Structure formats: C-alpha cells, structure tokens
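Take a look at the structure set out below.
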Amino acid sequence: MKKIMNDPENIVPEMVAGLVQAYPQHLKQLPDTEALVRHDEASMAGKVGVISGGGSGHEPAHAGFVGPGMLSAAVAGQVFTSPTPDQIYAAIKAADHGKGVFMIIKNYSGDVMNFDMAKDLAEMDDIAVKSIVVDDDIAVENSTFTQGRRGVAGTIFMHKVIGAAADQGASLDELATLAQKVKPNIKTIAVALSGATVPEVGKPGFILADDEIEYGVGIHGEPGYRKEKMQPANALASELLNRLKAEFHYQAGDHFALLVNGMGATPLMEQYVFTHNVMDQLAADKVNIDFTKVGNNLTSLDMAGVSLTLFKLADSKWLQALQYPVDTIAWTQK
Amino acid sequence: MALTLENTLNWLHGFDQVIEAKKAYLSQLDTPIGDGDHGNNLARGAAAIEAALEKNKPTDLTAALKTIAMALVSKVGGASGALYGTAFLEMAKTSQKTQALPDLLAAGLAGIQKRGSATTGEKTMVDVWAPVVTAAQAGELDQAVVDQAVQATKEMQATKGRASYVGEKSVGHLDPGAVSSGYLFTELLKTGVDK
Amino acid sequence: MKKIMNDPENIVPEMVAGLVQAYPQHLKQLPDTEALVRHDEASMAGKVGVISGGGSGHEPAHAGFVGPGMLSAAVAGQVFTSPTPDQIYAAIKAADHGKGVFMIIKNYSGDVMNFDMAKDLAEMDDIAVKSIVVDDDIAVENSTFTQGRRGVAGTIFMHKVIGAAADQGASLDELATLAQKVKPNIKTIAVALSGATVPEVGKPGFILADDEIEYGVGIHGEPGYRKEKMQPANALASELLNRLKAEFHYQAGDHFALLVNGMGATPLMEQYVFTHNVMDQLAADKVNIDFTKVGNNLTSLDMAGVSLTLFKLADSKWLQALQYPVDTIAWTQK
Amino acid sequence: MALTLENTLNWLHGFDQVIEAKKAYLSQLDTPIGDGDHGNNLARGAAAIEAALEKNKPTDLTAALKTIAMALVSKVGGASGALYGTAFLEMAKTSQKTQALPDLLAAGLAGIQKRGSATTGEKTMVDVWAPVVTAAQAGELDQAVVDQAVQATKEMQATKGRASYVGEKSVGHLDPGAVSSGYLFTELLKTGVDK
C-alpha cells in the first residue's frame, strides 16, 4: 500500500485540516471536532439546518457539499467508521438556527445508531431534530432478513433536494415529509474493478483478479452480488441498467436525474465513456434524463469502479431543486 | 458477584490490553463480512479508556463506568462505539442502585438492544451478551459459557449490522463484535468477580 | 489492465460523446471532430476566443474548462497524443468572433507543431491567432539541450487568467502580453506513486515497486529526476517545496496561488492531507497563499500521485483573475 | 530515380503494411524515451492512407502525395503527424515542378526541419532523412545507408522532441521516429525506384 499520508491514525484530522486551510471561504472547523460548518453564517439564518456525515474515505462527501443551497454542516468519522455522537451533536448545535436540524444518514448500523444517540443528546437541549435514512443501494435485497439496503452515492441527490428546500425556507416537518417522498425514488448500483485499502488496515478489503469485476459492491467494500470477467463498458452499463429497470419499471417518457459516480481511482475518461453507454441505452428506452452529474462525488478511498444512480423525478419540483443554485467545494451552480 | 471500583479497573485494563493485542485479528474478522475496522475501532476506544481513567482517576464504580462509557462513545465510532458506549452508560446508571454483576450486565444488554434492536440469533454481540447475562443470573457464568456463545455465532446468518449485507455468505464466519465481547467477558472472569 | 471502456481505439470519441450527453448546457461538439465549444454562444460575442487542448487522458482538462470566464473551445487528441491541425483549426474557427483567437499550448513537440500548423491554416483564412506555450514543469532542466520544460498542471492557472481577461474584453495583443508576463510565474513539480496505462498500449508506461515513488514525472509518464522509497506526505511536501523554493526564491510576505493536482487515481483524502502539509510548511516560511485549488484538474489517466503548482501573484490583478466568475464543468465560481 | 504515381502507391502500401506489423514494436521503442504511442499514432495514419487512396483514387503523383499528406495530418496527431504530414505536403508541392527522387526527398526534409527546427545529431527522424537525402543526391542511396542512419540514433542524446526530457537517459535507445523513417525508406528501396 502506497498512500500519501503520515501516521494513518491521523489521516482524518490532517485531511480536515487541509480542507479548512484550502477552503476557508467555504468551511469552518468546530473546535475539538472533525465537524465542519458553513463559513457563511448568514446563509443559515432563520432556516432549518441540514447535516450529514459518516465515515471518512468518501471525499468529496460530505464536507465538499457544505455550503449555501446544500448542507449546513458535515461530520467526518474515522475512515469507514461512523462519527461519534458527541461530534454529530456539535454539528447539530452549529447548524441549528432556531428552526431545528434535519439529518441525512446513510443506512449503516453504525451511522444510524450514532446519529440517533446525537439526536437524543440534542433533544435533551431542546433542539428539534428529524432525520432520513437513505437506502438507495439496490444490490442488497430489501428484506426483513437484513439491516435493509445500504445508503450510497444517491445520497447526494437527497442532500441537494433537501438543501434547496431548506434554503427556500421549508420547515423541519416539511423537510421530513419531502425526504420520505424522495427516498424511494433514488436507487443506485455499483461495479468495482478493485478493492479499497483502509489506511490503518494496509491491505485491500477485497481482491479481484486482473480480469475480474464485482457487481453490487458497497462503498466500504461490502460484497456485491456477482463476480465475473471484465466486460466492455457497454455491457457494464446494460447489467447495471437492467437492475435499475427491474426496480423502477421505467417506461418511455419517464423523467430521471442521473449520477455516474467514480469510486476514487477510476479516471474521468472512463466515467464519461460509461456515461455515454448508459445515456445511449436510456435514450433507446425513450427515458428522459433531465439532469446529469458525472464524477467522484461519493467515493470509496482508492477503489476503482463506478456507481450508477437514477433518481425518478416524480415531482417536477425535484428537478428544480437539483438545478437550484448551490455553492460548495464539490458542487457549484448558478 | 459484584463489581467494585477495583475489579472494574482491573477488568478494563485487561480488556484494553487484549484489544490492542488482537486489533489486527478483529479487523481481519470484520473483513469478509464487514468493513475491516472493528479492531481499529476498539483499539481507539481502549486507548481512550486508558487515557480517561488515568486523567479522571474515578473514585467510585459509577464514575468509573461513566468514564469508560464516554471514552467509548467519543472515540470508537461505528456500530460498536454506540453499542459498547450505551452498554457501559446503562451499567453506570444502574450502578447507582446496585453493584450486583448480573443486574449490571443485564442493564448493559438492555442498552445494546435499545440502541441496535437486535435479538439473539442475528449474529451480533447480543449473541454473547444474552447467554452471559442468563448464566450470570443463574450463577453459572464461566469461560465455557463465553467461548460457546462466541463460537455459536459462526454458523449464524447475520440479519443485523453490516454483516447482514453479505446475507448467506455471513455463515461460516465468527462475528467480530461477538469475539470482542468474548474478550470482554474473558477479562471479566480473570478478575475473579464470579468467585 | 482493467478499464471501463469498449474498443480502446474509440475511447476518445466515446468520452467526448459522454461529455456532450452529460453536459449539453456547457458544451457543443463541432461536427466530425473531437473539438468542443461553449454552448453559450452569446458569452463569446465581441471577445477574443481562447482555446486549448492536447492529448486526451488529462480529464477534466481541457473540455472541463470550457465555458464563460475560461476557454471558448477545447480540442481532444488521441490519448497522450496532440490533436491534429484540422481539428485545432475547427476549434479556432468556432472560437473566433472577429477579434481573433488565443491558443494556450503545453510545451510538447507534438502539441507545439500541430497548433502551429493550425495557426498557419487559420492565417490563410485571415483569422488572427496568437499563442503561449506553457512550460511550468521544473522537474526538467531548462537548458538548450532539451525541448525546454514541459507544460503540465499549472496550465490551468493560465487558462483561468487568460479566460478572465478575454471575458473582460482584452484584445489579442493584450492577452499575448499578459500570458508572457504570467508564464514565468507558474511552476509545477510532481511525484508519482504509479504509472499510467494508455488504453491502446495495455500496460503501464513505467512501473514503480510497491514501496517506491518517483519525483518529477511528467503528465505522460516522462521520467522524473529521482526514484526513492515511499515517504510520509510531509516529506513529499518538503521535497517538492524545496524544488519550488529554489526556483522562486520565495520570501516571507510573498503572495502565491496554490494548486494541488491529483494525477487520476489518488483519492481526495490523500490530496487534502498533502495540502495540509504543504500549507503548514508555506505558513512556516510566512508565504501568503491567497488562492487554493485541490483536486483532479489535469490528470494522467490512472496514474497515482500529485503535482504541486505555485503561481507567484506578482500582479494583484492576477488574483482577481483567479477569483473572477467562471462557469465550466470542472471549475465554477460565482 | 524518379517517383511515379505507380511506385509511390506501391511504396506507401508497403509502408502501411510494415507499420501495422511493427505497431507494437514502435510504441515499445517510444516507451523508455517517450510516451509509448508512436506505433499507434502511425498505425492510425497508415490505415487512413489506405482508406484515402482507396477513396480518392489519385490519378497523378501530386494528387497521390497530397492525399497521403492529408491522411497523415488529420489522423496521426503527436509530433510525428505534423512532421510526416508536412514532409509529404512539401513533396506534393515540389512534385508539380519535378519528379526526381532526390529533389522530392529534399523537399520533405526541408518541411520536417521547418516544422520541428531540428538539425542532425538531435536524435530525431531528421537523422535518417538527412543522410538519405545526401545519399540520394549523390546517387548512392541503398539499404546500408538507411540502416546505418537508424542505428546511429541509438548513441545520440536527444535534444528535440519528447525524448529530450529524458536527457542523458535517452542514450542507448533507438529513436522511434528514426526507426519508422527507416521503414519508410526501406519500403521505398523495395519499389526499385533507385535502380
């Protein structure tokens, strides 16, 4: 393992320090935490705060999405490990401007439990907190025999839609209702070409052969649903789209937003080729893609691969929310 | 069979040392069915417990358990941080009323179940805590109980926690949280509190 | 080699197709070329056109920097291979709105010769064309015994400064003068952790051992100045900063812009850690960093590593140019 | 010693086949001292020449040389595209006045030097073109001249082109553009134009 780092135990604090040094116009670090809040205090006045976070290793998520029109604050846990309740609570306090705080959580037991504990702490201080648990990864069966589906890259669409609504003055209850409506319309599926190496572990979480890929891998290297020989981009696109089609039963004339997300080590060149194949296939099905985003948005350290998210724009306001102005490190739009 | 400030400190010092020693093994157990960090998570917690006990120098059992809980809650992260943290927090609360080991462990288990809503048979640390509590309440807690409980998680299919995402493939692997809980109770027994 | 692609011979056209499908609001493809021009025609009216380009494999450069405030058009050659003069000429024609066209070229013989040929073609059609050849890579000795220094990631600062000036109405001559002034103030140096694999070649251009790095590698895998054992991020930062310091002789109170550029396979987490170490060391030297950008801006396919660019802000207008509004796929700023 | 439509077509067909066959080798030569694409670059050009000659069916030498030049210019890219393209464009221009081989090759060389401003000894294709032109002008062009010129680039240190970035390390490697130029002249000789 070669990684640009110093002591692996300090990789998260050093990363957070780098973020704040590089982008003081966007972020402020809360004292004694790895929680980052918007530099622009005024943009939060009188609005519900929106926070998110989780383990580190998914950069630019989540701090890269903190700013006007999106998150109020983000909390960075250790690599692939939920942040602790005290840190989440610090973010809640910083994000609260009298209207309460909405938390966007990815469905992992650690995240759910630690954010829940933080909510308990906040409620003891009379801060109103509501939350949504995003579970967009269709690779995992959605049965009572699991913890439910995992929350992965589609979460950034939730950040964007909720962030836009909060910026426009939606109440905490309205955000909770909106999030519940949006949630079943965001679905994601990934393919991995290589495993990610957690700095403190020093070797990949899983190993694929030189000609092997794995469908359905999670953002911490959780196993997927099938390994097979490497396929052309076009075939990868078909496989992943077929899975999404089986979920959405999409039809000619349907409207979607599309996210092609690089897992960390896959160059943009490959992501654009993949996007091309995906969009051609969707066009053949006469599905409308009204919004597209391509790039490393919610990564898995140095994993090679991509994930594909479709967000069914069942309500035209959701497209407006995606197009709403935003000013963060990783997503800026006029 | 009661916890005291002294045996609790011995207990946790022992646990912290084992965790540091078994850090790589625990993360390795977490690799096929999880995200490979359980050992690193707990090692941060173990170091934090040592530092906090050193710094706070608690003078009664409740203070000690609370110090331990807060160290876990603020340093471990992940599922196990919230779970172990809640367990020790509930034990601290209960210790204001009783220091009886079975009652304290039962309070810890209740905390874990409140936080994670897992029952037995779901391949989690609950599968070690629950039989240990039952045995302690019956006055029959010994190393065999602990070891059997840990081993039993091997053949279970996970339906809670990250391992549940692996589905059937979780069968055949020990649950990392069960193994670390096994260390916790092994160290407890070493203090002689059950004698 | 595992790459998300179809036929490697088609990787560039498929990538360009994906770009245009994903971002029609930013880019238009010129017929029968891999040249991309701003979607927003009106933003170019009455202004000097600014074009750039080069071999592909450096994404998001160069198409990712096409838009109001930056490039008018970009030309994508085959992977690591200069685009051909006919395609460059097509971009010149599309970028020309009566005031001429300024070309930003990286110092590689292929690029220089093909852009020169395109200029010959344009001048036959009475389009005024001027250009700058950026040579920011200090890894290579700047002697008469080489083709001069290479043009690498610092080029995007040139794109930004020239793009801002063009947008504010600078003439072709003014842009040429500005570019000449800016050029010696941009300097870059890289460190590679692994080599890049050209899709059609199928194996890495160079191979580093599991614990080995190479300083000074170029963006096509051109050899650097030293190989050694992997070092902590802090030591990498010192090594690269010492080289830059020897060039700039910077002193307390100097003002710079900073670019930390990922080479393609290096996660943002590592780039932020590296940024932290760099900025701490610059702060210790009391050097002011007035502008910072971190991320994959000018990559080398799937190479792991980073490059470090310092841009001496000898004229305060240059900082304003960096901060000037821009609206492209990869660099957006209000 | 004159180029005709017929021997030029034979010449280029031969060249295109060799390039396709030697594509991997040429890219391999370009790896230690360049960016490993010379074979792929020229293979695109070779295919384009074949396609363009097939499509345009030129009926005189000038048209043939111009077709070849445009195919190279628009498909090869990189340094070699501009250089080979300019060489054939200059040969096309000159062929309107003379079809004598030495004059045409000299025009090609002049084009390469105008475009790339390299002289001999800089480890580029000029180090093959220049001795070939000299020999042709003296009526002494044969395979030995070509082979010697190519081999001589091995011990040179590059001061032009991408290989110049490697500095001293370029010594000991054949120059890829010199090798491909060697193929060009080898195929030229095979047409018997020198007889």
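Going by the order they are written in, the chains are A, B, C and D; count residues from 1 in each one.
Note that a residue touches a chain if its C-beta (ideal position, glycine included) is under 8 Å from a C-beta of that chain, and two chains touch if they have at least 3 such contacts.
Here the structure is a predicted model, which means the values were calculated and not measured.
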Would you pick out the chains that touch chain C and also touch chain D? none
After discounting chain C, the chains linked through touching read A, B | D
CA centroids of chain B and chain C: separation to the nearest Å works out as 53
How far is the middle of chain A from the middle of chain B, if each middle is the mean of its Cα atoms, in Å? 31
For the pair chain B and chain D, the C-alpha centroid-to-centroid distance in angstrom is 75
Touching two or more other chains in chain D are residues none
Residue ranges of chain A touching at least 2 other chains are 79
Work through the pairs of chains, note which ones touch, and then classify the graph as line, ring, star, complete or other. line
In contact (per the touch rule at the top): chain pairs: A-B, A-C, C-D
Contacts from chain B onto chain A in the complex sit at residues 27, 31-32, 34-37, 40-41, 44, 73-83, 85-86, 115-116, 157, 159-162, 164-167, 169
In the complex formed with chain A, which residues of chain C make contact? 1-6, 11, 14-19, 21-23, 56-57, 59-60, 64, 79, 193-194, 210-211, 213, 230, 232-234, 236, 258, 260, 264-277, 279-280, 292-294, 296, 299, 301-302, 304, 306, 327, 332-334
Contacts from chain A onto chain B in the complex sit at residues 55, 77-87, 108-110, 113-114, 116-117, 140-141, 144-147, 150, 198, 200-201, 205-206, 218, 220-223
